[in-house]
Every structure is written in structure tokens, then in C-alpha cells.
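Lettered A, B and C in written order, each chain numbered from 1.
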Amino acid sequence: MGANTNVRFSLPAVCVVWQTAMIILFGVFIRYDEESDPHWLEHKKLNNISSDIENDFYFRYPSFQDVHVMIFVGFGFLMTFLKRYSFGGVGFNFLIAAFGLQWALLMQGWFHSLDYTDGKIKIGIENLINADFCVAGCLIAYGALLGKVSPVQLMVLTLFGITLFAVEEYIILNLIHARDAGGSMVIHTFGAYYGLSISWMLYRPNLDQSSRLQGSVYHSDVFATIGTLFLWMFWPSFNSAITDHGDGQHRAVINTYLALASTVLTTVAMSSLFQKHGKLDMVHVQNSTLAGGVAVGTAAEFMLMPYGSLIVGFCCGVISTLGYIYISPFLEKYMKVQDTCGVHNLHAMPGVIGGIVGAITAAAASESVYGHEGLVKTFDFEGAFEKMEPTTQGGHQAGGLCVALIFGIGGGMIVGAILRLPIWGDPADDNCFDDETYWEVPEDEEIFDSSIY
Amino acid sequence: MGANTNVRFSLPAVCVVWQTAMIILFGVFIRYDEESDPHWLEHKKLNNISSDIENDFYFRYPSFQDVHVMIFVGFGFLMTFLKRYSFGGVGFNFLIAAFGLQWALLMQGWFHSLDYTDGKIKIGIENLINADFCVAGCLIAYGALLGKVSPVQLMVLTLFGITLFAVEEYIILNLIHARDAGGSMVIHTFGAYYGLSISWMLYRPNLDQSSRLQGSVYHSDVFATIGTLFLWMFWPSFNSAITDHGDGQHRAVINTYLALASTVLTTVAMSSLFQKHGKLDMVHVQNSTLAGGVAVGTAAEFMLMPYGSLIVGFCCGVISTLGYIYISPFLEKYMKVQDTCGVHNLHAMPGVIGGIVGAITAAAASESVYGHEGLVKTFDFEGAFEKMEPTTQGGHQAGGLCVALIFGIGGGMIVGAILRLPIWGDPADDNCFDDETYWEVPEDEEIFDSSIY
Amino acid sequence: MGANTNVRFSLPAVCVVWQTAMIILFGVFIRYDEESDPHWLEHKKLNNISSDIENDFYFRYPSFQDVHVMIFVGFGFLMTFLKRYSFGGVGFNFLIAAFGLQWALLMQGWFHSLDYTDGKIKIGIENLINADFCVAGCLIAYGALLGKVSPVQLMVLTLFGITLFAVEEYIILNLIHARDAGGSMVIHTFGAYYGLSISWMLYRPNLDQSSRLQGSVYHSDVFATIGTLFLWMFWPSFNSAITDHGDGQHRAVINTYLALASTVLTTVAMSSLFQKHGKLDMVHVQNSTLAGGVAVGTAAEFMLMPYGSLIVGFCCGVISTLGYIYISPFLEKYMKVQDTCGVHNLHAMPGVIGGIVGAITAAAASESVYGHEGLVKTFDFEGAFEKMEPTTQGGHQAGGLCVALIFGIGGGMIVGAILRLPIWGDPADDNCFDDETYWEVPEDEEIFDSSIY
């Protein structure tokens, strides 16, 4: 193993310095919002709030915890499928999520939750959800790079990824006024192209030297299924976590639930149809079954209609599975993009589809379907956007998608260039996908010594 | 391996055709209900609803997600215990649940949620929970057949299973007016006997040719424990998910929590007592510890009393464990019922006990215990049943149990006959319980090559 | 294997007798409270409660389920890391939790929920949460003893542990009037020192005879990570589960979320810095990342401030990881304390830090920060404590910490003396950490026979 993978000083240094910076910045900027501050009692009286249950905490906390599980167990375990990179998959996912959410609270806070009266960011449960969302973008990018980068590189990727995310999110949601409840554009499209561009910049022509480790074993596939299922089950919470109280959250859940169900069937169909002997491939079942959730992200809160959700899920199951079979090998061979987890099939294509579905659904909105008040509330046609028409909104949605693509690809290329510097302790081509590089791995031989058992 | 297990065309065909049918039927029939539609804002005003938190979403969503975890992770991982059928256990569980919930929304919708003004089914969060419940019946049936059927057979089993479920549920709950919050009768009794009858119809006299694969290995047992624990922990949510708001949900949770706790102790006691050297058997701990949750399903919302719940759990732990030790071998040897997961011990017997406990508890209800309003609300003594007496209700409960048994056994025999047709690609006797049959299984030898590590 | 490990009669006897005792005691003492009783409808009217959503069930149930997952999956899977004690880790955790919660409902009920009008304990959702909390103390103690005790000893440990817990909790919370929302003192300090004292009493000088089994294997480490992540993710629910409705729960979640995030970074930093070649140690990532959650337990509901939470987490990640590297070997070698899971590093030290942080934060409280009403509500300055000052409260907090230490150490020594009796079927020094002792373990050789696959 090359001495260059020793991160004994760089990793602790980055962790301690950045965590210290977080403490200082939190000390300067972050405070509790009015619903998490003890003055809530007075706030309640002043605003004629009749009950503690009106605290946003009770509208959002169950969804928050589901999203939290998706980030740490869902993404984490989905990345344990490699035979000898399970520690790195779930462990580095844990590390960068824990750092990312702190930085996200600051970055998103400056854009969205700054109280201009005192210059402080006021945080509550919705900020925690948004921080988790922001982290999701970086974890998607990690999926493309799994096994090929050092933890220090991942910390750098996360620092820049969160920063870029907060800026593109502000542009898309606030300046362009696109809606993106489940983040098809803001999270999935951005995150996937960010990771794919970095992977392109870090292309390893001799990666086949690690090919012995680039597959799964039986039990690592079962571990990865834990990630798949928690993502699949809680995706309705993801897409509804920050939508409007009441019908908005309710509808987003129904649409996501249905799209995901539909995706499972077409994924299984395609996986069986395109394999020899009709045998199913676990890679498809682990990943493509989730594509429907990505693709209804933007439109989940709209009147996509139950059958519309099923159609979106149907198409994404087909496209995502075919992507694993045909597009991923093509990208690796001809485009020099090595995509370990296939995020192009699970996040990039479905994310773009989600952006388009969102634009179409928004453009097709009408008062006859939503009611006047419903239309205003769903699309937030208020303030400067009071006179906006659904068709215009459709155009803005499309604009949002472009911004996400530009930030993903452009940001990824810049960050990729930085990560090519020879100072980050990344593994050599022949010890990629190997936990031995960054982890103390227990000796396994002993359990095969039948003299003990 | 026999060529007959190639499902390369049948499985994709079934998945695509049925999913397409779902899209068409959803297009024709399924719409959002008033709480998930943007007209909610107007609905709120018209009905003097003061807050979005009164949307049923907030009463039911946390329970829904718990039930969802039980269906996909609970049932799925419980079926990973076989040494080489973990992919099939969790994967096919995923497939049939994803299909089943769509068909259940339609079938249950026609019976329970049809809006006669426009002929549409209006769905909300409660429909999603009921669809998950409906699917649970088919997953229980799958437990009896695990490893012995093809995915195409499972899709057929699910199509008919959901249909039968919706009919028996309508008869039991609406026509007979039995109460069954946690589905001891409707879900567990029906599902278990449905699966056992199919297993009887598909009896394989030479199944011992696969006996080398019919056990667990160390880590597959740990995987199965994940399923056990998520079922055990979230069972209170299952039994309370659709009970009355307020005290109904609250009480159902307490009763289920206690019954399950009690079951664990007697399961451990029996497992130790009836094994050589007093060693515990993981099969019992994985399964029988759940029997108490099944058996308080019907009565969970009634005044079963905390000690009553403990007694039910106590008995079920004993009966279910003894079932694994004595009754399952008897059923296989003399009754020609091969029950892979032992659903007779986990669902059938406890389900019947649950129906009986429900009947007794209902018959013993009185105004002095429930209060007048409490009695009316708990047993829904309204409309045509306004003058119903608790003792009569007890009789109706018993009638409901009989209907569940008849539908389970009768339906299972009919569907079993269909599944005997030689067109479904089921495995030969010597490749049952083997993921190689329907899955691309990774090569495992490599990790034992110590030259690499 | 020594014949003395046969628990064929003692384990069933203990389980059946104690479960029977629970049924009798529940029959005599336990009833539903007013929110889980059918008279809720009348209670609502009498108290002008406008909606079922005001039932405490809806404020607490999602948190309860998260705590429940922590107890059974979190603690259970965290203890699966040993290569051949996964069954015992998760299985005995299940057993003692299921017993403990019943006994806790009684013990805590007598102290906190006794209705003096009829001499009955009235239980609702908050009692279930408290029972789970109470159980957590015993599970922490189990962590110190993992692999070295018999299930019968664990049942005895739990019986006494719950009893001691209820008494110390009553003294700390009610008599001393200390606040301890997340149980840094009441749960973690007590539980850890209880277990460590027992371990000291049961010191095994020849434990190295089992040293071949005292490590992990690759997949057992991945299983343990499931436990880690569910503990980590749901810890905000743990610390907020029984805090005040509204801002109290909201703030406790934010503080815990931040403390835990900070801990991850410093744990990784220390783990890398103090290992050869900078490689990370899974033991640290599995355990020390949780220390921040322990240490903000007491102060989570106070105005610890977001940066304060980060600081607490920062320090605990450092201390806990260094504890694993330096203090645990010291304790084993010089203090004769064998601590299998390192609860001294994960619960004892962070628990004491949590108590101190709580005392300081309480002493520093002021009306300018909390508002008058907020101060009264947060610290419960009502009734006999109406005129209490924050500085005095700080002193009482410190007093509470001392009580927890005394009960933990003293109780552990007494119970340890009882557990030294030669009647409990504990394993010999050379079959510790071995599931063969108390479980039927499946044969694993077969899967290595490549002729089958």
C-alpha cells in the first residue's frame, strides 16, 4: 500500500479545524427560532396560538426523523454493497453527513433564515430538515466516487458541495421562484452531476487493478438492501417533509408512495428481461426501485394525480434499469466517468425527469383543479409573484433545472480539479474499494478455523 | 437446474401488464380525498376546522410509516433467515408488496371509499394504511411458501389474495359488523390459512432433496432478527393505526406493547425448557416473540386491561413456541403442509386466539367500564347498529372469525389449484430455497482466498 | 463446556415466575389513565379540550417509537459486534428489555403515577417512554458484562437495576428537584457505574482464555453499525421525549442533533490520530460518536445554545475516544474492571460530564434569557419550589449527580455480590463471548463447501 494513503495528520487536522470553525460561527450566528425558544409561551399568547401542538415541531418532526434515517442508514447502507468497502461506505457517509449538516445550517441560514433585526440565523425543525436535504446532495456525489477517494477528499467535496448547494438552491427557489419540494432538481440533479463531474476529473484509467474488489458478496448485498428499503419506505417523508401543512404534505406522500410502488414492478421486469436466464440482478433491485421517488420529487406536492405518479414511476423503473445495463458501461468506456454506485441511473436521469415532470405539471395547473386558494398556496403565488401564471411557472421550473445542471457540472469540475492535487491521500489504483486503506479491519480467517467451532 | 425456472418472459410480462392495468384503473377510479386535495383550504373553512393539524394526516402518518417499515423491513428481513434465500426472502417480499398495495387501493377503495356522487375512489392516509394491511395478508401467506415458489406464482398469489382479502374484510367489518383493529382475524387468520392451504395444494413429497439449504447460517439469523425487532417494536403502531383518534389509538398501543413484552418471556422459557441443554433456539426468538401482537389485534382497542394483555401474551408465547417444536413437524409429516416460516405458529394459531379474545372482550363490554359514549364509539354502535348489545357484538365477532377461516382455507385451495399448473416456472424439488434459481448471486469464494487479505 | 451453564430449568423458572408475578401485580395495580380510557370523551368535554389531537399520545408517540427502536435495535445491535456473540448481544438485550419494561411500569408507577383515590397506577404514553428509559439503564449495565454472564444473571441484574433506578430517579427528580430530561445522570451515569461495579465484583482473572472470541469480524462490525446509527439518529427523540410540550421538545432536539454531529468529527479525528498509519478504528466510530448525545442529556432542554451543544459534543468525542485507547486498558489492568463494550467511555464519563454541564447551565439561567414564564416552565419552579433560584437549582443538579453515582456504585456492588453466588449458570473463563453456551448455533461449514455452489 502506498504511503500516500496515510491520513494520520491531514484527517484529524481537517476535522478539528473545521469543527472548531463551526463552533465559532455557530457562536456568532446561530440562535433558536421563536418556536424552540422559551419565549414560545409569550409568542403563543401574542399570536393567539391556542395549543402547543401548533408548534411546527409537531407538523414536521416525524418526517424529519424519517429523512434523518434516509441520510444515515439509507444512503449509508446502500453503499455497503461492495465486498470489502462496507466500513468506508457507511462510515464515511456518517462522517461527511455529520460535518455537512452543520455547514448547511450556516449556509442555508444565511440565505433563508437570517433575522435582519439582530443579524442572527434562527433555527428550528425545518432548518434541520433542510440541512439533511443539503447533505443528501453530497452523499449522492459520494456514491459516484465510492471507494476511490480518501476521507480528506470527501471532507473537501462536502465543504464545497454544501456551499454550491446553498447558492443554487437560493437561485432556484428564491430568485427563479421554482418549486422543488422533494428536490428532484436541487438535490438529485445537482448532487449527481456534481459527483459525476468530479469522477470524470479524477478518472483512473487503471482502475481495473482493483476489479477483484469491485463486486459484492452475498451478505454485503443483503446489507445494502437495508439501505434500499429505508430509502424506499421513507421517501414519502422526504418529498413531503417541507411542503405546506395539511393537504400539501398529505398529497406529496400519496404521490411518492405510488410512484415508488410502480417503479418496483418495472425494475423487476427490466432486470429479468435483459439478463440471461431471466435472473434478477440485485444491483437493479437495490437502486432502480428508488428512481420513482427521485422523479416525483418536484411534482409531489402538485396535482400530479395518482395515475400520473404511477406513470412517472413506471418510466423511471425502465429507464434506470436500462441505464445500469447499457448507459453505465458506456459512460465508463467512452466518457471516462467511473460511477461506482450508478448515481447517473438513480439520481441524474430521474432527477432531470423529475424537473421536467415538475415543469409540465406546473404549467398545466389551473384554478379549476386546485381552486383559487389552493393554487396560490401550492405555488406560493404571493408577494412579488402574486400575478404569476401557471404557464410562466412551468418555464421557471425549467429554468431551475438548468441552474441545477450548471451548478452540478461546473461545480464538480472545479472541485474535481482541486481534488486532483496530490496532497489528499487518495488510494492507488490497486487499493481502491478496500477498507484496509483507511480502516483497521478485523482478521477474518479465524472463523474459518473449524477447530474452534 | 431445470429450464422451467426461467421466468425471463413470464415475469416481465406479468409485471408490465399488471402495472399498466393499474395505471389505467387508477386513471379511471382513483382521486385524492378532501384532506389531500388543494380544496382542503375551502373544506377547512366550510367545516370550521381550526387548524391544519386536524388533517387526518397528522393523526395517522407516524403510525403509517411504522406499518410501512413492518411490511417491507419487518416481513422482508424476517424471511432472510435461510442460508441461501435471503435475496428471495427480502426481494420477492418487496415485489409483491409493491404490487399488492396498488391493487389493494383499488379493491378496498371500491368497497370502502367509493364516492357515489362521481364514481371515484377518494384516497388519503387511511387508505394507504389499509393497503399495507391488505398486503400483510399476502406476505404472511408467502411465509408458508418461502423458497418453494416462483416470483410469477407469487404475483398470482397476491392478485387473488388481495381480492379475497377485500371481500372477506368487507363481509367481516361491514356486513357482520365485527371490529378488528389490528386484524387478528382479517389479516392474520386469513393470511395464514390462505398460505397454508396453498402450501398443502403444492405439497412436495421430495422436498428433502433441498434439505441442505433449509437451515440458517450465523449471519442470516442475525439478519432475520432485524425483521423480528422491527415487527416487534412497531406492532403497537400496527394495532392502533386505524383505531379511533384519541383514547382508541392510545389504548391499542398500551395493550399491544404489554402483550408483546409478556410473550418474549414465555417464548424464552419454552424454548429453553424444551431444548437439550436448555439452549435457546433462534427460530423461536425470531418468531414466537411476535405472537402476542397477533393475538391482541382484535381486542387492542377494547378494554382488555393491561393485565389482560399480559395474559394473552403469556399464553401465545407458550403456544407458539410449542407449535414450532411439536405442531409444525406434525403438520409436515401427517398433514402434508410444508410451512417454511412456521406461519401456523406465528399467525394462524395466535390469529384464531385473537379472534376469540376479541369476541369475549366485546361480549363482556359494559357501559360501566366504557361509559355510554365510549361504548358507542369503541364498537361503532351507530346507524343500523345503534341498538346492538355487547353480547350480540361478541357473537358477531365470532362470526367474523369463521368468515376469515373460510376465505383463507377455501381461497387458498382454489388459488393453490391454479398455482399447480405447470406454467409458472416454479423450482424443482432439489433447487428450492436457493437464490441461484431466480437471482444473479455473487461469487463468494474470493473472500476466502487469504492471499488477498 | 462446563455443565454449570445449563439453564434449562433456572431460566424458564425465572421467566415464568416473574411473568406470572407481573400479571398479578398488573391486575392489582395498573389501569389506563384518563387519556387512554374510553371516558376520554367525557374528560375532553369536562376540560374543554377541543380536539383529540390534544391527547398526549400525539405529542409523544413518534418520540416513543424512536426511543423504542433505540432500546431494541440500537442497544441490541450495538452489542452484536463480537464475532460469536451476536445472538447473545441482541437476544438477551431483547429478553431483559421486555422484562424490565414491565417491572419499570410498576416501580415508576408507584412513585410517580399512583392515583391515591383508588390506589391504582394510571398509565399512558409517557409511562411507556419512562419504562423504556428505565430499561436503558440496565442495558447499559449489560454492555459492561456482555459475554460474561448468563441470562439468569441478567434477569437478576434487571430486577434489581430497575428497582434501584426507580428509587434513585424519585430521589433525584422529586426530592432533590433536579431536572434530567435525557437522563445523563439518572440513566447513563447510574447505568454505567451499576454495570462497571458488577463487572468489578465478577472480575475474571483468566478471561484471556476466551480472548480468541473477544474481537469482531468484518460483518459483525457492520451489524453493530446498525445499532450505532439508530442510536445516533434517534437520540434527539430520546432527549426530548418527555420534555415540555412545544419549545421544550423542539429545543432538546436541536441541541442533541448538534452535539452528536460535533462528536462524530472529533471521534474520527482522535481515532485516526492515535492509531498507527492513521487508520480508523470501528470500535470508536461505533461508540464514541454517541457520547455527545449522552452528555447533553441533562441540559438538552435548557438554553445550552447551539454553539454550547457543539462544544459539549466536541469534548466528548475526544474524551470518549481517548477513553477507549487509554482508560479502558488501564481499568482492566489495574482496576480489575472488565468492560466489554466500553460503557465507561460511552456512558459513564459522558454521563458525568452531562450532569456537570446541566448543573452549570441551570446555574447560569436567567429571566433575561428564558423569560419569566419560560424559566418557571423549563425548571418547573412551581409548588414547593416556587421561589427557587437558578443558582440553587445548579446545586441541586450537582446533588442529583452524586446520588446517581452512589446508587450506581453501591447498588452494583451489592448486586455483584449476589451474582457471585455459584447458582446462576454463568460461563467458564474459556467459554465467554461464545453463543454456543446458551444458543443452538447453526453449522456454518456448509457454505464453504464449494461443491454445493
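Quick note on the criterion: a residue touches a chain if its C-beta (ideal position, glycine included) is under 8 Å from a C-beta of that chain, and two chains touch if they have at least 3 such contacts.
These numbers were taken from a predicted model, which means no experiment stands behind them.
Arrangement of the chains shown, judged by which pairs touch: all-to-all, with no pair of chains left without contact. Residue numbering shows that subunit B and subunit C use the same positions for less than half of their mutual interface.
Once the centre of each chain is set as its mean CA position, subunit B and subunit C turn out to be 32 Å apart. The multi-chain contact residues of subunit C, meaning those touching 2 or more other chains, are 50, 53, 58, 62, 84, 219, 226, 441, 444, 448.
Only residues 50, 53-54, 58-59, 62-63, 66, 83-84, 212, 215-219, 221-222, 225-226, 229-230, 232-234, 236-237, 245-247, 249-251, 253-254, 257-258, 260-262, 264-266, 268-270, 272-273, 275, 277-282, 285, 289, 303, 305-307, 310-311, 314, 369-371, 373-375, 377-378, 436, 441, 444-445, 448 of subunit C touch subunit A when the two sit together in their complex.
Per the touch definition, subunit A reaches subunit C in the complex via residues 6-9, 11-13, 15-16, 18-20, 22-24, 26-27, 30-32, 35-42, 44, 50-53, 55, 57-58, 61-62, 65, 68-69, 72-73, 76-77, 80, 84, 86-87, 90-91, 94-95, 98-99, 101-102, 123-125, 128, 151, 219, 223, 226, 438-444, 446-448, 450, 452-453.
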